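I've put the structures underneath this note.
Next come two complexes built around chain A: one with chain B, the other with chain C.
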Partner chain A sequence: MKVTITDHEEVTVVEVTGDIDSKTAPEFERNARAATEKSHKIAIDLTEVEFMSSAGLRVLLMVYRNIKGQNGKVILVGVSEDIQDVMSTTGFINFFTIVEKLDEAIVILKQD
Partner chain B sequence: MATDIRIDYYPTHEQQGIKFRRGHVLPFGATMVPNGINFSIYSSEAIDCTLVLFERGEAEPFAEIRFPEEFRTGNVYSMIVFDLDYERLEYGYRMDGPFKPEEGHRFDKSIILSDPYAKAIGGRDSWLAKPNWDNIYPYRSRLVFEDFDWENDHPLETPIEDLVIYEMHVRGFTQHPSSNVKNPGTFAAIRSKIAYLKDLGVNCVELMPIYEFDEWENSKENPVTGGLIVNFWGYNTVNFFSPKSGYAATGKFGMQVDELKTLIKELHKNGIEVMLDVVFNHTAEGDHRGHTISFRGIDNKTYYMLTPEGYYFNFSGTGNTLNCNNPVVRNMVLDCLRYWAADYHIDGFRFDLAAILGRDQNGAPLSNPPLLESLAYDPILAKCKLVAEAWDAGGLYQVGSFPAYGRWAEWNGKYRDATRKFLKGDQGLVGEIAQCIQGWPDLYHYRGPTASINFISCHDGFTLYDLFAYNEKHNEANGENNNDGGNDNHSWNCGVEGETDDPFINQLRHKQVKNALAILMVSQGVPMILSGDEMGVTKSGNNNTYCHDNELNWVDWGLLDKNSDIYNFAKHITKFRRAHPVLRSRTHFQHRDYVGSGYPDISFHGTQAWQPDFAPSSRCLAVMLDGAHAKSGTILDDSIYIALNSHYDALFYELPTLPNGQSWHLAVNTDMPSGEDIYAIGNEPRMDDQGRFLVGGRATVILIGK
Partner chain C sequence: MESKSFPGIVDSLDSLREYIGELAQQAGLAKKPTYNLKLAIDEIATNIILYGYQAAGMEAEVVVLSEITGQELVVILVDEGAKFDPLGKELPDSDYFSKSLEDREIGGLGIFLTINGVDEFSYQYSEGKNRNKFVMKIAAT
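Then we have the complex of A and B:
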C-alpha cells in the first residue's frame, strides 16, 4: 500500500494505492491523521484500493470524527462496489459522501 | 483506547521474540490494552495453562506461551501480550489437568480450547461453507472492535404490554428466493425488510438463537429427501458472547458485529425492539461422547451438572446441562447478558428452557434460584424484558409458578393450548378462553397480565396455518420415522389432511387463521406471532423443523399474494391492538366500575347480553371492555365488544346497550370475505341493528362502541 498526500488549494487529497488491511492500516492512519491536521476539507481517493478490512474502515471513521469536530467535510472517491457493499451492510456508509471522480470531490469541497 | 499509557505497560518476559507480562485478572476474555492484548481465563482445577496464538486462518499456531506460575491469581490465569495484530489474531488455550471422568475431570492438553468469553468466533464464517474437518482448532476465539458508532441510539424501553412480538429466524426470514433482497439470510437482509415489519405493525422482533453455533453439527444426509440435515435453528451454543458469523453478509470479513449492531440501530430508529432467544441451558459440547470445544476442557465440573458417576445430567434433552447456579457460571451468564444489553443495545431476552436456570447443581428445583434473582435485580439489565420458557425437558413445568421477582414474564403454554382447543371446537373451553382474554389472572394473579406472553404458534410445533390443515404431524423429512416432535398439537385439518382444492375448506382455514390472530390481538398480556404466520406460511405439517435449511423453514414471500386476505387481516388487527389502549392493561381487571362510567371494566356475555354461558357444552363467549377503564381509567378509549363463536352454526348475539350517544361499529367479522372482514382504524361502519348481531359459525366479531 502507498499513500500520497497532495494539496489542491484548501482541499487536501489523500490518495491510496493497494490493499488496506490490519498490516497497512496504521500507515494509512498516520497519513490520514496528518492530512486532517492540515485541512478540514479532505478527499480520500480509493480508486486504486481493491480490498479494505475492518481496520481500514475504522481509519475512515476516525477521519470522519476528527473532521466533523472541526465542522469540516470528508469525501470518499472511487470506492469499489465490493467495499461499498461492506460499508453499507455494516453502517459505515451513512457517515460519508461518496463520489466517482476526484474532480467532483474537489469541486464539492471548495463550494462547501 | 486509552491514550494515557500506564507506566507498568512494559514487557517483562520474552519468548520467540514475543513480549509479554503479567496481565489483569478482570475482565475475563481478551481485551485491548495500549500496545497489547490482555488475556484472562478461569479454571479451578487445571494445573497448567498455555496461550495459543494463530494468524487468522493458519493451520498451525505461530506461538504458544505457557503462563508462568506467577501470572496465576487464585484460579485465574492472566497475561498481557504486546504488539499483536488484533484484527488478524485468533487465540485459544491448552489446559493441563487430570482426565478422570468419574471425578468430573476431562482435561486434555492436546486440545486447543475456545475462550468462553471470546467476542467473536472464527471457523464457521459463512453459512454452510464446508469446514476443514482436520482443523486442529475449529472454533477460534477472536477479538472485535468495540468502537461502533451508536450515535444517540438507546434501547426503546417500550412498555411490555404495548409490544407485538414477531418471532423470527434470521436465515429463514429472507433466504427464500422470493424474498427479493440482497444478501438473503443475513442480518443485513432483515434491515431491508424493516418497512415490511412496520407495515405489518409489529414492534419487537425476537430473533431465534444468534449466538455462534455450528450448523454442521450432527449433519448427515437426509434418508428421505437426499438433502442435508443440519442444525438450522441453532439451539446449540458454541460461544455465548459471539454473534453467528454465518448470519452476517460480512461474516467472511469478520465484521458480523458491525452488521448486527447496524441492524439493531436501524430497527430502533423505526420503533422496533430486539429481543434475543438465548440458550443458557446447555452447550454444543453434547454428552460424554461429544467433542470438546471449550467449557468441558477448561473446567468440566464448574460448567456442567454432573451425575455422581461423572456423566452429564440431561435436563435439556440435548446431552448436557449448563451448571447455571454455580456462582462462576452464574457470573458468566450475567456478564454475557450485560454485554449484550450494553454493547448491542438489546431490549430483552427470551430464555430457552428457563426452568433449568432454577435448578441447583444436582438438578433439584430451587425455591429461590440465585441466577434468576440476580438477573431480576441486575442494575444493567434493569429495563430489559426478561421472558422465560418456563419448562424444561426434565419434566419441570413452571407456567404460572416461575420465580418472577416482579420482573419475569413467561411464554404462556396454557394460552397456546386453550386457544387451539377452543378454535377447533372442543367443548368446555369457554372458561379458559375467558382467562386468555384477560391475561390469565388465575395464573398471574399477583404478577399481572404482563407476565403472560400470549402465543398460539411459535417455531416449535405447527405454524398457524398448519394448525388448520393437519390433524397429525408429518415429520418424515426429519429422518426419525416421524417419532420426533410433539403429539399434542390440538390441531384440526378442517376436513382434509394437507393441501386441498376444496374452496370451502380453504376458506374455513383462512377464517380460522384470522380467528386465531383476532383472539391473540385482543387478549391482555403480550402477543407474539411466528414469522410468516401473517401470510399463512406452511411447513407441510412438520412440527419440528429444526434440521432443515430449505423451504420448510424459509418464509415464502409469494404467499403475500396467494394469501393476501390473511396478510391484510394480520396487519390491520395488529394496528387495531396498538390503537386501543383498553386492550393493553398493565393490571388485571377488577370486574367492577371504579371510574363511574356505569359499566364494569370487563363484562362477559353470551348469546344474551350479560349472560355468559360457561357450561361445558358452550362454545360461545362475548366480552365487553369498557373504554372509560382503559389503562386503569387514565385514558379514554372506545369500548370494545368481542364475540367468539366456535360452534359450527351461526348464532345471534344480543349486544349490551351503550351509553347515550354511543353506538356499535363493526371492526372485525372473520365470517366476511376479504375487504369486509376487517376495517381500518376510523373506517368502521356503524351497525344498522344495534340490538343484536349474527355471528357466523366458527367466526369472530369485534365491535367498537364510540
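Then we have the complex of A and C:
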C-alpha cells in the first residue's frame, strides 16, 4: 500500500493505492492524521483500493472525528462496491459523502 | 483437508487473502461472497496474529485447512495462541449502529463483519488449539 498527500489550494487529497489491512493501516492512519492537521477539507481517494478491513474503517472513523471537531468536511472518492457494502453493513456509509471522481470531490469541498 | 501454513505475522495477511481468493475460485464462489470470506479470514487472522501471538510474545504459524465439497467451501484457521472464542465477546447490536460515529466505541467491528459475511461461523478449542471455522455455500449455477 502507498499513500500520497497532495494539496489543491485549501483541499488536501489523501490518495491510497493497495490494500488496507492491519499491516498497512498504521501508514494510512499516519498520513490521514497529518492531512487533518493541516486542512479541514479532505478528500480520501480510494479508487486504487481493492480491500479494506476494519483496521481501515477505524482510520476513517478517526478522520471523521477530527474533521467534525473542526467543522470541516471529508469526502471519499472511488469507493469500490465491496467496500461500500461493508460501510453500509456497519452504518459508516451514512456519515460520509462518496463520489466517483476526485474532481467532483474537490469542486464540492471548495464550494463549502 | 488441504493444509497450508503462514507465519503468524501481519506481513502474511496479503498472501493469506490471495490464497483464500484461489480457494474461492476453485470452489466457484461468486465475487461478493469471495470478498466477504477474504474479509472474515483477514479479521480473524489479524486477531490471532496481534493478540494471540504478538502481544503474547509468541512466534507461531496460522494454519489454513480447507475443503471444497459440491455445496460448500469450508476453511478452518488453526492457531496455538491462548484460548480465544470470538463469539464470546458481545457484538455490536442495532443500538450501536444507530449511534453517530462520534459516540461509537472502537472494537468488535471485525468480528461483526466476520459473522455477518460468511454463511456459517463456528469456534472450537481442542488439543491446545483454536479452530475458527468458516463455511460458504456455493450457489448452484
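Going forward, the second predicted complex is superposed on the first by the 112 of 112 C-alpha atoms of A that agree within 3 Å, B and C clash if a C-alpha of one lies under 4 Å from a C-alpha of the other, contacts with A are read in each partner's own complex, and residues count from 1 in each chain.
To be clear about the criterion, a residue touches a chain if its C-beta (ideal position, glycine included) is under 8 Å from a C-beta of that chain, and two chains touch if they have at least 3 such contacts.
Predicted model, so just to flag it, every value in this text is computed and none were measured.
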item: First (chain B), second (chain C), both or neither touched by A:19; value: second
item: Touching partner for A:58 - first (chain B), second (chain C), both, neither; value: both
item: Partner chain in contact with A:68 - chain B first, chain C second, else both or neither; value: second
item: Contacts of A:90 with chain B and chain C, given as first, second, both or neither; value: both
item: First (chain B), second (chain C), both or neither touched by A:98; value: neither
item: Chain C-contacting residues of chain A that also contact chain B; value: 21-23, 53-55, 57-58, 61, 85-86, 89-92, 95
item: Residues of chain B touching chain A in the complex; value: 85-88, 145, 147-149, 183, 186, 188, 248-250, 253-255, 258-259, 261-262, 265
item: Of chain C, residues touching chain A in the complex; value: 10-11, 13-14, 17, 31-32, 35, 38-39, 42-43, 46, 49-50, 97-98, 100-102, 104, 106, 109-110, 112-113, 116
item: List of chain A residues in touch with chain C within their complex; value: 19, 21-23, 51, 53-55, 57-58, 61, 64-65, 68, 82, 85-86, 89-92, 95
item: For the chain A and chain B complex, residues of the former touching the latter; value: 21-23, 25, 53-55, 57-58, 61, 85-86, 88-92, 95
